[in-house]
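Presented sequentially are two complexes of chain A, the first with chain B as partner and the second with chain C.
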Partner chain A sequence: MKYAYYPGCSLRGTGRAYEESLLAAFRLLDVEVEEIDDWNCCGATTYMSVDELTSYALASRNLALAERDHSEIIAPCAACYLVLNKTQHYIRDYPDIKLVVNRALDTIGLKYRDKVKVRHPLDVLLNDVGPEAIAAKVKVPLNGLKIAPYYGCQIVRPYSTFDDQGDPTSMERLLEACGAKTVRYPLKTTCCGGSQKGTLPEVGLDLIHYLLSEAQKNGAEVITTVCPLCQFNLESFQKEAGERHRQTAVPVLYFSQLLALALGAPADTIGLQRGFVPIRPVFAKKEIAYA
Partner chain B sequence: MPEISQLSGPEAVRVGFYVCHCGTNIAGTVDVKALAGYAASLPRVAVSREYKYMCSDPGQALIEQDIADHKLNRVVVASCSPLLHEATFRRALGRAGLNPFLLQMVNIREHVSWVHLDKKAATEKAQDLVRAAVQRVALHKPLQKRRVDINPSVLVVGGGIAGIHAALTLAEAGKQVYLVEREPTIGGHMAMFDKTFPTLDCAACILTPKMTAVGSHPNIKLWTYSEVVKVDGYVGNYKAQVKHKPRYVIDDLCIGCQECIAACVYKEGKTPDEFNLGLSMRKPIYLPFPQAVPQKVVIDRDTCIEFKSGKCKKTCVEACGDRLAIDFKQKETFDEIEIGAIILATGFKTFAPERNPYCGYGRYPNVYTSLEVERLINASGPTAGEVILRDGKKPASVGIIHCIGSRDANTNRWCSKVCCMYSLKLAHLIKEHTGAEVFNFYIDMRTPGKGYEEFYDRLLDEGVHFVRGRVAEVSDWAVHPSEEGKLVIRAEDTLAGFVRRIPVDMVVLSVGLEPQSDAQDVRRLFNISCASEGWFLERHPKLAPVSTFTEGVYIAGACQGPKDIPDSVAQAGAAAAEALALIDAKSVELEPYTASILEEECSGCKSCISLCPYQAIAFIEEKKKAYINEVLCKGCGTCVAGCPSGSIKQNFFEDEEIFEEIEGVLAYA
Partner chain C sequence: MELKRTIKFEADRDPEFVRWISHTVGGERIRHCLQCGLCSGKCPLSLYMDYTPRRLMHLSREGFKEEVLGSSSIWLCTACYACMVHCPKSINVTHLLYALKQRAIEEKRYPRRFAIPVMARQFSDMVRGSGRITESWLIVKVFLRTSIWRLFGMSGLGLKLLRTGRMPLKRERVQRRAEIEKLLDSVAATRKELAI
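Now for the complex of A and B:
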């Protein structure tokens, strides 16, 4: 089966390493994806808080485009994943929203039929491909690299579609299949600060610091995320948060970067050369023989 | 179509119509004057009236007077549900010399006024329903109720405090009682508690005398480790089949010396002890707790070596010696009993806190449920009454989190009613046992009850801390050095207006009460209903709180909804009194809604025989016709609907009556 693929804006901007590595991993695992033609904003960011209806209309256009040729759509960005899910729920629960959204879609010759299932890459990798199949294709074992799996809020709340809401374990199962070790991380679904860094910097920076220092305290050599905003906050403001508290140096990667690396993708093709906190010394220490 | 003409002449049908205002319950939404005027215009209606409260004595007197004055021979009352007042109005007809079954009620309260807002449309709907009733009632026939004798024995299901109290009350009144409990001992949840609120009297001290009384009462047949598996019959004449699970210990021979337990080849227990909620281990042969009734040991075949390999040295048998009480070959046995009434007191289960992902249960060893802490505090519990953590240390600070699995849209919406009070009790006992700082995190303190609010006041004086706010998370990540190595409770303090982080050594989750997981199976077995949450449904929430919609089956205690001990005991007493009232009437009237076979039309296909849930239909070979036993027929109507040749009719629900009603409701003006 070929999945529809919806990158969203982040994966073409700050989160390009996510797309590079995820698509590489999909290729190496023979997961076929096809990018939706002429996709638009998912409706997250300010839309959802300023004008929900516009947000639903934007999201449903992407869904309507996807369901023309596909029964499942992969949305890697946590915000896209949440908004697409939320839109489906609201259209199902509120007939008036459905009516307005379809009226809007009708003006461009589209109709939303609720025929497409929104999937997260973690869900696809674990439940469609499976950890055993992944383990069998590992070329570069991660040699017990200690990982703090960080999920953030959006893929588990409020719709926990494939994992536990309070204690998700998908990333653990996936990365352990690649030879990594995961550390206990009680903050795995706690807030990264979202856009607070822009509006109330001290609130955002405190949250960022707690996440980083707790990971370090529990022995993590790297934090993995599923969300471009989490990755951005934790990595880009690590130094600034450290100035408020005490300095940390934890590389923050997308889970897909480690997966693709383990499957044999060259490090320079999956964004590992661009991190603010360099990862290569960690790989060297763990004697991970990456390509 | 029945011939209406036969209804005129000297035997003419004369209907009296009465619409009730029910205060403003009905009159607020239905134009009762217009409705009475409309009814007066219908054929065969001789008199039509509206009145403020038809169910009142003057209301009933009005009907009786009209029957005499206007020679009425049919009555239609448009008011509330027949469940509430059909019997009232039937009695009124009876007093005026009319057969009570010549009445028809129209439910214009639950079916009209309470569910509609538009007065005009509601009135029109009421008119349709009234027209249907007036047309139907013309065809009603006089029916006679049947009387059957009542068996004076009672079955009580569930041996918690409610079942115990009900059984003792009935036994003291001289009735034969069968008390069936599925666990090896009676006592239920109350036996697990240390103290009881608000008086702090010891649970065992007040419970065990009652348990012993049950065990030794000549009028009580106590069956533990047993379950009711089948129930037949009807009010006054139920039959039940009780399954006795094998204890592998012969009841009559075991004297409860427990030498076998000491002698078991297991030197230490290896199986989590159910009674201590897994906080201690037991052996395969065990007594649930020291005051268990009956004092008979039980062998758990899943962990006993003899059952696993057949090669055990059987030191238990040696220890038992010539008492010969141990029998590895015991099989399950069954008893059939006949009873007149049944009391269900099957209790509750506590909420499984794993379902709330934020409270840390199962992830952090020092997060306990309230019931586990009851066992820790209890002198006969796993730590002999010491409140200590799993590593043996005494907690210096304890957080009690209320409403776990209660008042929560994600799990259970209801208030479990007992948790605020037992949390206060636990706070007091923990402080008393350990001197720890105790924090209660609550949404609202709910302490209505005699002496309850005073107990809350006392706790405030004792220096227990109260934080009003729902807990967001229990975790072990530290922001401040003082939090290192502790469990941190994060909660919004809604009175102070900020988020608190309170580090503690021990977290107690005040878990809510839930229906038993097999409540649906039990309700089907006894043919009663459950409310949507799964609690057993009472006949009326205020006026018949221990009765069910099945005559002769009563409910008591927390199987009906969350309840504390005083309420459970009060309900058990009420259920016992209701059962006594039924039994002491010696006989009971049965509704005459039975079905009968129209012999000339019956083809003898026998399809009705297997449909009947009450085995009331037999086949008469000589005639090749089916025959319905009136005493056994409960009037469910299944055979009537199932008969392929339409040759079964049911009193009060004859085809003509139903068709006339349908035509009435469909005949738009």
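Now for the complex of A and C:
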């Protein structure tokens, strides 16, 4: 089966490494994806808070476009994943919203039939591909690299059906299949503050610090994320957060970067050079012989 | 000595606000709130809030509009859904906070230092014009219209993003841009027609 692929805006900007590594992993695992034709921004967070109806209409264009040729959409960005899911739920539950959306789609010759399923890559990798199949294809074992798996909030809450809402384990199962070890990380679904760092910096920095210091305390050598904004927050403000609390220096990667690396993708094709906290010394220490 | 009234009276309540909150998306069940406080306990931001989510639920359904719309909590909420998934009465607390935020913006009651209208405007202009967001352009536009100092403060970060190729300046665009305009116009028209 070929999945529809919805990159979303961030994966073409600050989150480029996520797309590069995820598509590399998909290729190595024979997961076929096709980018949604002429997709548009899903209208997540910023729009949501001021003008929700518009964001549902924007999201529904992507759903309708995908539905023409596909039965499942892969949405890697946590915000997109949530908004696409939320839009489906709200169209089902609220007749007014359905009316607005259907009329809007009608003006551009599209129809939304509620036939498409929105899935996160973690879900697809774990449940459609499977950890055994992944383990069988590992070329560069991660040699017990210690990982704090950070899910953030939006992929497990409130709509996700593929994992637990407070203590998910998909990322652990995937990365352990690649030879990594995961550390205990009770804050794994506690919010990093989202864009709070921009609006109320003190609060944002506190939240970011708790996440970082807990990972470090539990012995993590790297934090893995599933969301461009989580990744950005955790890696970019370590110094500032450290000034308020205690310094940390933990590399923050997308889970897909480690997955692709383990499957044998060359390091410079999966965005490792795009991180701010260098990861190569960690790989060297663990004697991970990446391509 | 300045004396301040600390209790609230029936007369302070705004019945219109009660009607509005219980008819807003997600507000249908607000009457069922048990005041158990699980939402506040699960909220990572409640330590910073003036009214915790539990208190906001109660103040809202009782119609204390001033307190609710003036609360810092609306702006602290990051929509992480921890409250909602733990509520024993399945109340969509997150969505209610969204609704309160929208109402506060409508009534122009946002903290001065927040660039909310500027952000929202730049964001929607960009979506209308290109159908997609090019982060680099959005950031520059927002900063140019707010405070230049913040741009300097962030410039170290901006340079890092540029150096690591994470700030591509190429503008992302939808091919069939007319569709986006039509879509947005239609939403506006239906909203007006149905007054929603």
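One rule holds for everything that comes next: the second predicted complex is superposed on the first by the 291 of 291 C-alpha atoms of A that agree within 3 Å, B and C clash if a C-alpha of one lies under 4 Å from a C-alpha of the other, contacts with A are read in each partner's own complex, and residues count from 1 in each chain.
The rule we apply is simple: a residue touches a chain if its C-beta (ideal position, glycine included) is under 8 Å from a C-beta of that chain, and two chains touch if they have at least 3 such contacts.
The structure presented is a predicted model; accordingly, all values stated were derived computationally and were not measured.
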Just from the overlay, do chain B and chain C fit on chain A, or is there a clash? clash
Which of chain B and chain C A:E67 touches, first, second, both or neither: neither
Examine A:A104 and indicate which partner it touches, taking first as chain B and second as chain C; both and neither are also allowed. second
In the overlaid three-chain picture, which partner chain does A:E20 touch, first (chain B) or second (chain C), both, or neither? neither
With both complexes superposed on chain A, which partner does A:E172 reach: first (chain B), second (chain C), both or neither? neither
Who touches more of chain A, chain B or chain C? C
Determine, under the contact definition given at the top, whether A:E214 touches first (chain B), second (chain C), both, or neither. first
Examine A:D123 and indicate which partner it touches, taking first as chain B and second as chain C; both and neither are also allowed. neither
Per the definitions at the top, what is the overlap between the chain A residues touching chain B and those touching chain C? 165-166
Looking at the complex, which residues from chain C come into contact with chain A? 25, 44-45, 48, 75-76, 78-82, 84-85, 94, 98, 101-102, 105, 114-116, 119-120, 123-124, 127, 131-136, 157, 160-161, 164-168, 172, 174-176, 179-180, 182-187, 190-191, 194, 196
Contacts from chain A onto chain B in the complex sit at residues 164-167, 186-187, 210, 214
For the complex, which residues does chain B have touching chain A? 356-358, 363, 475-477, 479
In the complex, go through chain A and note every residue touching chain C. 9-10, 12-17, 38-41, 43, 45-54, 57-58, 61, 90, 94, 96-97, 99-100, 103-108, 153-154, 157-158, 165-166, 189-191, 193-196, 199-200, 203, 207, 236, 273-276
